[in-house]
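Listed below are the structures to be examined.
Each of the next two complexes has subunit A plus one other chain: subunit B in the first, subunit C in the second.
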Partner chain A sequence: MIKVRPVTLFIYGLTITVLAFIARSTEQLILLTLINAPLGIYLGFKRLKILIILFLLGLIGLFVNSLIFANSGIAVLDLQFITVREGAITSFSKVTLRLLTILGAALIFVTQINVRDFIKSLEEELRFPKDIAYALSVGLRMLNILERDAKEIQLVRVERGYRKVPLTPADVGSFLRPLLSLGLERAIWIGIATELRGFALRNPKRAEIKVGVLDILLYSLLILQCLAILILA
Partner chain B sequence: MISNLLNGFVEGDVDLYGINPIDPEDFPKVPKFVGVVLQDPEKQLVMPTPADEVSFTLENLGFTVTRESIMNSLKNVGLESRAYSPTEYLSGGEKKRLCIAASIVHKPKLLIFDEPTANLDPWGVSEVINYIKRLKEEGSSVIVIEHKARHFLPLTDKLMVLINGEQKLNLTKDLISSKYEEVVNTLNNLGVDASKPNLTRRNELYTKPVVITANDLWFRYPSSKEYVLKGVSLTLRKGEVGVVVGRNGSGKSTLLKVLSGLYKPDKGSIKVPSLNGINGKVRKRNLVFYVPQEPDYMFIHNTVLKELQSCSNKSFNFDEVPWVKEVLNESPYKLSHGQRRWLSYLIAKLHSPEVVMFDEPTAGLDIRLLKQFVNWVKDFVSEGKTVLIATHDVRVVCDIATNAFIMSEGTLSQVSVEEARDYLEKPVEVIS
Partner chain C sequence: MALSKRFTALDLTYLGVVAAICGVIFALTWNVYFIGSALGGPIIARIMSYGLWFIGAPLAATLIKKPGTAFLGEFLGAVVETLIPTYGAFTNIIYGFAQGAASELVYAMFKYRKYGIVQASLSGAVAGFPCVALDALLFGDIYPAEVMVLITIAAVISGAIYGAVAAIAVRSVRR
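Showing the complex of A and B:
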C-alpha cells in the first residue's frame, strides 16, 4: 500500500498549524478549516472519537471566554440575562476556526503515521535528536491507551454519581487527575523499559528525504494553501 | 536501574560480564548483556506492532534489522502470525511474550523477569513458564522475581527470599529437590506463596434470598459486530461470594460492567429484587457497585478525606483501616498501590451497595495483601452483602468462593468451586 512518508505528514501538520496562527481574516481561516477539518475528522472519527468530542465540548468554554473578554460592538442577540455582541461572535468564530484547522491537521497526522517509521524519519531525515523523536512517538502511541483510560474513568464517574462528560472546571480537574496520574506512572516505566532496551546506545543513521506520489500531492496541497493565504491577506 | 534511572543510592559493586552496572559510565552497556522483562507489559511496549517492537531493540543496539530476524524472534514466542497486528489487540499473555521477545531478540546472556505471572491467566502463566524452561535448556541464565514461587520451584537452581531488604533464605537446587516439602513449608512460613492452595469448605447458601438475577444477557460493543456476552444467565444470593474465572478476553470484565448497570445489555434482563423487580434501575440506587482493577480510575477528589466524605454522610470508622487516619489530607495518587486498592474498596463499601463486583482485585498482590483482601471480603459478606469477583487467582477461589462460574467465549456456566479451582490449576500443573 502506498503511504505518505511520516516526514511529509510532520511538515504538513506543522506548517498548517503555523498558517492557522498567521491567518488573521475570517476568509483565510474558513479556507484552512474547510480543507483540513473535514479530512481530519473523517480520518480520525472512528479511532479518536473521544478526542473530537472533548474538543467540541471545549468550545463551550471558548464561547464563555469570548463573552467575558470580547463582548463589545453591536448587539447581535439579546438573551435577557446577557447580550451577545459582535465582538464575542467574531472572536469565538476566529478561535474556533483556528482550532478546527489545527485539530484537522493533527488528526491527519496522527491517523496516518506509523510510530516506528516516524521516529526513524525524524531522526534520519529531519535529523531530530533521538530523545525528542522518541518522546513524540511515545506520546502518539499513548493516545489509544489514554482513550481507554478515559472510557473507564467515565464509567466510574457515572457509578459515583458524577457527570460522565466533564463540563465544569471542577469536573475537568477530577477527570484529568487520574488520567495524568496514570500517564505519569506509565511515562516513568516506559522510560525505564526503553533505557533497558539500549536506547542510550541508539545511533541513528542519516538518510536523504525521499518523496512519493502521495507526498507530492500533500506538498502541493500545502503550497496551494500557503498561496491562498497570501492572496487573501 | 536504582542508581541510574530511579534516583536511588546503591552502595557496593556488581560485576556483570566485566562491567559495573552501578557505574553511570557502564550502565548504558547493560542491555547488551541483560534482557529485562518488567511486570506490566502496558508500561514497556512502545511500538504499534510486535514487529516494530522487536526491531526497536535491534535498532537501539546497532544490529541490522531484517524481516527474517524479526520473524524468527516472534516465532520463538509464537507471535509470528501477529507480527503486524496492533499491539492493543494482543491478549495479556501475548503482550508478555512480546515483551520477552523484544528483550531477548539480541540474545543477551542474562534474562531478568519481574513478576512474570502477574496479571496473566493460567494459560498465559504456563506460556511464560514454558518459555523460561526453554531458555534454561538453551543455556541462558534467568533471574525470576515472583510472589507465586510454586510455579517456578521445579525450575529453580538457586532460591533467595528477601524480606524488607534482608536476605532471609538462600537455597540451592540440591536442597530444594531433596527436601521439597520442607522448603515449601519454610517458604510459606516466610510469607512466600509456595504451596498449592487448599480449598476451605463453606456453608451452602442456596436458601438465602436472591439479590440479583441476570437472564439471557447479550452484549456487544458498538465498535464490534461480535457479541462479548452470548446469553449469559446467573443468580447471586445474599452473603454469597461468587467467582467468575476464564481466559483473558473471555468477557469477565464486560459481564461485571453489565451487571453493575454501567453497560446496557442488547438483550436480556437484570433483576434486583430489592428494587421490587424493576429492570434497568440498578444504577440509580447504587445497589450494585463495580470496582475496576486499576484503583486510580476510582478517584475523583484531591484528598483521601474528600473521597471518603463524598461517598457517604455517615462518619467513617477508622478502626477498620487505621492507616487511613494518617493519610487523610494526602492525594489518593500519592498512596502506595496497596493503599490505593484499599481506598477503592472503602469507596465501594461507603456507597452502601448490596453487591460489589471486583475486577481482578488480587492481581500483583503478595500473600500478605491477599490475606487482607480475603478478610475484608469475609467481613463484608458477614454483614449480609454479596460479592462477585472476576479473577484468575486460584487463591481467591480456594479461600473465599461460595459459588463459581466459568466464562468461555461469551458464555457462562455455573460450576462447583472445586471445578473452578481445577480449571485454573490444570494449565499450570501440566508444566510442573
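Showing the complex of A and C:
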C-alpha cells in the first residue's frame, strides 16, 4: 500500500495550523475548513471518536464565551433571556472554523503516521539531533505504560476517597509523585542499557527526503491552500 | 557545545519520561480546563489549569539540572501531547515551544546554577505570558483590558503554584 511519508504529513499539519492562524477573514477560514475538516474527521472518526465528540462539546463553552465577551453589534436572535448579537456570531464562527481546520489537520496526521517511522524520519530526514529523537522515542514508548500507571493511580485515589481527576495543587502533587517515581525507576535501567549499547558513539543516519506520488499530491494541496489564502487576503 | 556532550543517555531517558508524564498530565488538563470553565468562567479555568500546562519545564529542569532541560521538557511534552492527540492538536507544539523558551530564560537568568523551588516557581510563572499572548494571537481570546490583566495574573499565579508543586514532587521522589 502506498503511504504518505511521515515528514510530509508533519509539514502539512504544522503548515495548515499556522495558516489557520494567519487567516483572518471568514472566507479564508471556510476554505481551509472545507478542505481539511471533512478529510480529517473521515479518517479519524473510527479511532478518535471521543476526541471529535469532546471537540463538539467544547464548542458550547466557546459559544458561551463569545456571548459573554463579544456580544455586540446588530441583534441577530432574541431569546427573551438573552439577545444574540452579530459580534458573538462572528467571533464564534471564526474560532470554530479555525479549530475545525486545526483538528482536521491533526487527525490527518495522527491517523496516517506510524509513530516509530515518524521519529525515525525526524532524525533522518529533518535532521533533528539524535538526543531529541531518542528522548522523544523513549517518551512515546513509555506513554502507554505511564497511561496505565496514571489509571491505576486514579483508581487508588478513588478507592481512598479522593478525586479521580486532580483539580487542586495538592491533588496534582499526590498524583505526580507516584507517577514520577514509577517512571524514573524504569528510566534508570533504560538509560543505563542505552549508554552501555554505545548511544553516545552512535552516528545518526541521514537520508534525503524522498517524495512519492501521494507526497506530491499533498504538497500541491498545501501550496494551493497557501496561494488561496494569499489571494483571499 | 553539542547537545550530545552535555546530556548522557540517562538524562535523555529522564527527559523522555518527563515528556511522557507531561503528555499524560497535559491530556488530563483539558478535563480540568473544561470543568473550571463550566464552574467558574475563563479566569477560574486558567487558575486551575494553565499551570499544569507549564509543568514540563520545572519538572525536567529540577530533575536533570542541565541547560536546555526546561525548554526540552516543555517542548517534548507538547510534542507527545500532539501525538496522543488532544483537543489542542498542532497548536500544542507552538505553545510548548514558546512556553519552554520562556521558562528556560529563568534558569538562564540564574546562570544554570540554581534549580530550586523558587526557580521552578518562577519558570512556571513566566510561561504564563507567552501563553496568554498566544491565546490572544491565535484564538482571538481578546477581552476588555481589565479582564486581560486578570487572565494574565491567573495564568502567572497558576504557573507559579504548579512550578513549585513540580519541584517539590521531584525533590520528594529523588530524596
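As a working rule, the second predicted complex is superposed on the first by the 158 of 233 C-alpha atoms of A that agree within 3 Å, B and C clash if a C-alpha of one lies under 4 Å from a C-alpha of the other, contacts with A are read in each partner's own complex, and residues count from 1 in each chain.
FYI, contacts are C-beta pairs under 8 Å (C-beta built on N, C-alpha and C of every residue); 3 or more make two chains touch, one makes a residue touch a chain.
Only a predicted model underlies this, so the values are computations on that prediction, with no experimental measurement involved.
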### Query
Now for A:153: first (subunit B), second (subunit C), both, or neither, which partner does it touch?
first
### Query
Which of the two partners, first being subunit B and second being subunit C, lies in contact with A:55: first, second, both, or neither?
second
### Task
Using the superposition on chain A described above, determine whether A:195 touches subunit B (first), subunit C (second), both, or neither.
both
### Message
Per the contact definition in the header, classify A:96: touching subunit B only (first), subunit C only (second), both, or neither.
### Response
neither
### Query
Looking at the overlay, does A:225 come into contact with subunit B only (first), subunit C only (second), both, or neither?
neither
### Message
If we overlay the two complexes on their shared chain A, which of subunit B and subunit C does A:165 touch? Say first, second, both or neither.
### Response
second
### Message
With both structures fitted on chain A, tell me whether subunit B or subunit C touches more of subunit A's residues.
### Response
C
### Message
Looking at A:181 after the superposition, I want to know if it touches subunit B, subunit C, both of them or none. Which is it: first, second, both, neither?
### Response
both
### Task
Examine A:121 and indicate which partner it touches, taking first as subunit B and second as subunit C; both and neither are also allowed.
neither
### Query
Which partner does A:8 contact after superposing on A: first (subunit B), second (subunit C), both, neither?
neither
### Task
Touching subunit B in one complex and subunit C in the other: list those residues of subunit A.
115, 137-138, 141, 173, 177, 181, 186, 190-192, 194-195, 199-200
### Interfacial residue positions of subunit C with respect to subunit A in the complex
3-4, 7-21, 23-25, 28, 30-32, 34-35, 37-38, 41-42, 48, 51-52, 55, 59, 63, 72, 76-77, 79-80, 82-87, 89-91, 93-94, 137-140, 143-144, 147, 161-162, 165-166, 168-170, 172-174
### Message
So in the complex, the part of subunit B that touches subunit A is made up of which residues?
### Response
1, 4-6, 27-32, 34, 36, 38, 40, 42-44, 46-48, 52, 55-57, 59-62, 88, 102-103, 106, 223, 257, 260, 262, 283, 286, 289-290, 292, 294, 296-302, 310-311, 333, 347, 351
### Message
Which stretch or stretches of subunit A touch subunit C in the complex?
### Response
13-14, 16-18, 21, 48, 51, 54-55, 57-58, 61, 65, 68-69, 91, 94-95, 98, 102-103, 105-107, 109-110, 115, 118, 129-132, 134-143, 146-147, 150, 165-167, 169, 172-173, 176-177, 179-181, 183-184, 186-188, 190-192, 194-195, 199-200
#### Entry: Complex interface listing, subunit A residues touching subunit B
46, 114-116, 120, 137-138, 141, 144-145, 149, 152-153, 155-162, 173-174, 177-178, 181-182, 185-186, 189-203
